[in-house]
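One structure, pasted below without further comment.
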Amino acid sequence: MNEIFGNLLNPPILFFFLGILAVLIKSDLDIPQPIPKLLSVYLLLAIGFKGGAELAHSAVGPKMIFTLLTAVAMSFITPLYAFIVLRKKVSIYDAGAIAATYGSISAVTFITASSFLQDLEVAYGGHMVAAMALMESPAIIVGVFLIRKFTKDYGETSYGGIIKEALTNGSVVLLLGSLIIGMLVGEKEVVNMKPFTDYIFKGMLTLFLLDMGLLTGKRMRSLRNAGLYLLGFGVLMPLFNAVLGIGLSLLLQLEPGNALLLTILVASASYIAVPAAMRMSVPEANPGLYVPLSLAVTFPFNIIVGIPLYYQVILWIDKM
Amino acid sequence: MNEIFGNLLNPPILFFFLGILAVLIKSDLDIPQPIPKLLSVYLLLAIGFKGGAELAHSAVGPKMIFTLLTAVAMSFITPLYAFIVLRKKVSIYDAGAIAATYGSISAVTFITASSFLQDLEVAYGGHMVAAMALMESPAIIVGVFLIRKFTKDYGETSYGGIIKEALTNGSVVLLLGSLIIGMLVGEKEVVNMKPFTDYIFKGMLTLFLLDMGLLTGKRMRSLRNAGLYLLGFGVLMPLFNAVLGIGLSLLLQLEPGNALLLTILVASASYIAVPAAMRMSVPEANPGLYVPLSLAVTFPFNIIVGIPLYYQVILWIDKM
Amino acid sequence: MNEIFGNLLNPPILFFFLGILAVLIKSDLDIPQPIPKLLSVYLLLAIGFKGGAELAHSAVGPKMIFTLLTAVAMSFITPLYAFIVLRKKVSIYDAGAIAATYGSISAVTFITASSFLQDLEVAYGGHMVAAMALMESPAIIVGVFLIRKFTKDYGETSYGGIIKEALTNGSVVLLLGSLIIGMLVGEKEVVNMKPFTDYIFKGMLTLFLLDMGLLTGKRMRSLRNAGLYLLGFGVLMPLFNAVLGIGLSLLLQLEPGNALLLTILVASASYIAVPAAMRMSVPEANPGLYVPLSLAVTFPFNIIVGIPLYYQVILWIDKM
Amino acid sequence: MKPLKKIEIIAGAIESKKVEKILKEHQITDYSVITGVRGRGGRGDRDGDGLTDAFQNRMLIVACPEEDFEKFKEPLRNFLKKAGGICLVSDVMWLNH
Amino acid sequence: MKPLKKIEIIAGAIESKKVEKILKEHQITDYSVITGVRGRGGRGDRDGDGLTDAFQNRMLIVACPEEDFEKFKEPLRNFLKKAGGICLVSDVMWLNH
Amino acid sequence: MKPLKKIEIIAGAIESKKVEKILKEHQITDYSVITGVRGRGGRGDRDGDGLTDAFQNRMLIVACPEEDFEKFKEPLRNFLKKAGGICLVSDVMWLNH
């Protein structure tokens, strides 16, 4: 257990705190664009490639397929109950956007969890990376659908456009592409790429989380407008989703590593793909609300408390 | 042979395809400036430094000197026959610019070929990096000269200026500088730098080729204006140049590794140094023509088909 | 001794020369923002983290504490005598700004010195990184104080603001933060981070010094306005400070590694933190004077001549 | 020199792509775009930070005859009303060539 | 469309933060900022290079009614006198929405 | 405040360096440059992508008295005719200091 909560003494997490701290003390430390872009392209490429290399060894079995189906199903379902919880307290536009945010996933949270597992030397399947890619977009479509239905505004929005945008989203393309490439290239190439994709990975994640800390710190300021209800939502929604995720992992009889990753996918919330899509399809929703909520509440909650907590629960259940 | 065409299953090449694909499906995946700049500075520095370190071990013999002379000669000659082929079909300005483009070289094609050789554990001489640096600029001077001669416009252009610009071109300076530094520093420093210049090299090349794929995909669109004649030129010119390159390698009795690199230098076309120089010296030439031709036709042709094909032919001849 | 002056045959130093050369021959080689920012964030993070990891093993003794106190004291005292030397020749504003510049430190000079020690396999204490962080800001406060006192302009400037800005300076926060994190994480994490913080470190430093060379070359042009007096100051001040630094190291009985680092901290001059602070607090001072002086005179002097020279002297004294 | 209208549109980076579309739909083929513009307006602080360009603006500059502007004026106004951003119109002389 | 003044302020990156402060002090909440602007002026070459933004400029764009401009005109003038930079004022029409 | 002409020149990144030269030749020492400008014009799409700045534009801003503009007007027109780009001239008031 100590080892698990030692997660907090991990360089990536500690640099995340440093980033937040730097903003709080009004330091001028900053990591301007497009450095964060470079780091995130690197991380997606590396995690996808490693996942694909892993997948090349594994047999495609029914458990794998059910895991993927469950993952996709959750990204359709989560926005529905999230929307119900939200719509009484915020506008329909905001409710739909936040619902989509929580139905989708956070790649950095997933990557942090995979790094956490690696530190504990716990294995996980390459198909979990595919699950992540598949969960990124469906929630966007559900979110827009909910808004259209409840505002009865069937205006100019073409679902075709939204679906296309969701599927051709840069990070989905990069993740799935890297995954397939990792599967294709063969062992020798995987070894050749290791210094780049593996050895410096933790350092790159550390740098990225420093930047995420800076960003989180900045976005925290806008939370004042969010109100207690939403703040509570930002903590309780991932917890509720994690319970679901752990339950589903139990049903699917997943090994602890895969169980944690499925749980973290369900419990995490998007702050990249969804905001970009929402701004275009639902400009009425307030990005000053849904971005800080997922970035400055749910993201830190998941990487600091969530990952070790969920994993501890998974181990307890596993031992029962 | 299978091993050779396994080139296609190389991460750099596959990520290049992924980049093109991302553009074709209209994904928003992008790698904004100055990230590509960082990657290309890294690649030039590393390839130069490694070449220099290699060169420090080799004796300067007549074969090396003849190889360098041949390389330089080719970058003067290639634009001449390219211009003759082109001038009937396109304006003199465009003919001159395209001729210069094909007389010069593509560093990324060279680097991809060197990475291909490394995978096959085939050695090559550090002086080939010097050959690359020496071939970058002469074609620019020839191209401008041809245009001036045929348009009889001896206006304000000062050859001194063009020559100076060609010689002080950023990538030439970085390549030659890194080469000399690699020669000077001694074995211990070369080892110290290895994790940076060698171990992560393939990963960095992969990232760069992903970006090149994105760029190629975007530039492919402008090819519509190019017409079939030019498209054919974009494939047949490198093939013809490769035949010349292989023939010259035979004459010079080069080992397979050096033969491939000389061939690829002759066969490749510039899309960095030449466009920049042409825009300043010959603004009448259309960069929407010569850049896509070298970048979106010849570059992919060379790295996908050319490298393994040329090398196969070199081996066949070698075995005869 | 040969080994020591072999410093010049170090990739970082040679690429620094290459950068200057590129500017002198008017090459268009450049490394645009924010690449230098990325490299400097990396270097500060890595040097801080490694220092912290080192510090985790060392006992806090009186020698360490006296070293830190001496370092801080010097950053208060240096601006005072620098100001006296300068005020007769330049405006009080410029004198104060230059004085602050020389009281503060240059992280890259320090990092180059630490890389120099590493090549010679000479150990140094992690607390020297703390000394660097502590010396960055005091000189700013002293500089502003001197200007206010001598111009009798007690206008709107609030010392609170300046002090706060000095303490929350981005590089101070990043350095101290990384130091503390390096202390906290434990041996296993330090090993995990090594490929990122150690193996590619020299390569990243090399890339950064190439950029510093380009910048130095550009700033050298503005030195024409500086006059001989200031140019002399740019060389003699670091020499004088180095003598003081060596003397203090003797008094403190520091080991050669720590002695060199203390000396280089005292002898080096800021071109990041101080200019940024001065522009805001003393807009009357001419940044076209104090930046080139520290960047294009003192910085190259220190990394080329200073580091090996000071170290040689330290060894001589040590052997006596 | 020829008198033209200069139209400067500052809007979110994502919205600006839509504005470009509107321009194209009205045969405005020539214009310039400045990216990475920060700003504050009715829709809060666009500080340029973040992993997407959701908190960035762009500035589109169009120089065109008044009659061309009249064509896309209303569609643009409608779009900006919904999506935010400003549009400033001024008189310029074009140093034609 | 509504007539407004467009105020364009080009100043050092560091100084521009102070200009933003002045705007805020005078209740000018809406404006845009273009970063990474290079330039030359009385205070030498701002070539955009360097590790700090000490050699960079920014351009602030404010569109506001003339009477609002009158309010911060003098403080701005005083600041620019000391810190450098230029302020250009012109007439624009605002495509209001 | 003093009336000046504001000259805005948008041209390719490489060509803009030549424009800066023309300005210098006519003793125009003070101006600003915005880099990384994208655009579309008669010479096709400048999408900002690529390994060189061959597909990028820059915007030069010069505020100067009309008589100064008259001096470099013709050389500039000739250059832009050949190399592409636009030049827009408008009236501004300079908040002098």
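Order as written gives the chain letters A, B, C, D, E and F; numbering starts at 1 within each chain.
By our rule, contacts are C-beta pairs under 8 Å (C-beta built on N, C-alpha and C of every residue); 3 or more make two chains touch, one makes a residue touch a chain.
Small disclaimer: the values here were computed from a predicted structure and weren't measured.
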Those chains which touch chain E and also touch chain A: C, D
Required minimum of steps from chain E to chain F, each step between chains that touch: 1
Relative to chain F, chain with the most remote C-alpha centre: A
Cα superposition of chain A on its sequence copy chain C - rotation in ° rounded to nearest 5: 120
Self-contact between copies chain B and chain C, residue sets same or different by half: different
Winner on C-beta contact pairs when A-D is weighed against D-E: D-E
Most distant chain from chain E, judged by the mean position of its C-alpha atoms: B
Whole-Å gap between the CA centroids of chain B and chain D: 39
Chain B and chain F: spacing of chain centres that average the CA atoms, whole Å: 34
Of all residues in chain C, the ones touching two or more other chains: 33-34, 37-38, 195, 199-200, 276
Residue numbers of chain F (touch at least two other chains): 34, 36, 48, 90
Chains that touch, pairwise: A-B, A-C, A-D, B-C, B-F, C-E, D-E, D-F, E-F
Contact set on chain B toward chain C in their complex: 33-34, 37-38, 41-42, 45, 49, 164-165, 168-171, 173-174, 177-178, 181, 184-186, 188-189, 192-193, 195-197, 199-200, 276
Chain F partner contacts - residues on chain B that touch it in the complex: 33, 36-37, 40, 214-215, 218, 222, 271-272, 275-276, 279-280, 283-284, 286-288, 291
Interface residues, chain F side, partner chain E - complex: 1, 4, 6, 29-36, 61, 63, 90-97
Chain A contact footprint on chain B (complex, rising order): 6, 9-11, 14-15, 18, 21-22, 25-35, 38, 119, 195, 199-200, 202-204, 206-207, 210
Chain A-facing residues of chain D, complex: 12, 14-15, 17-18, 36, 43-45, 47-55, 82-84
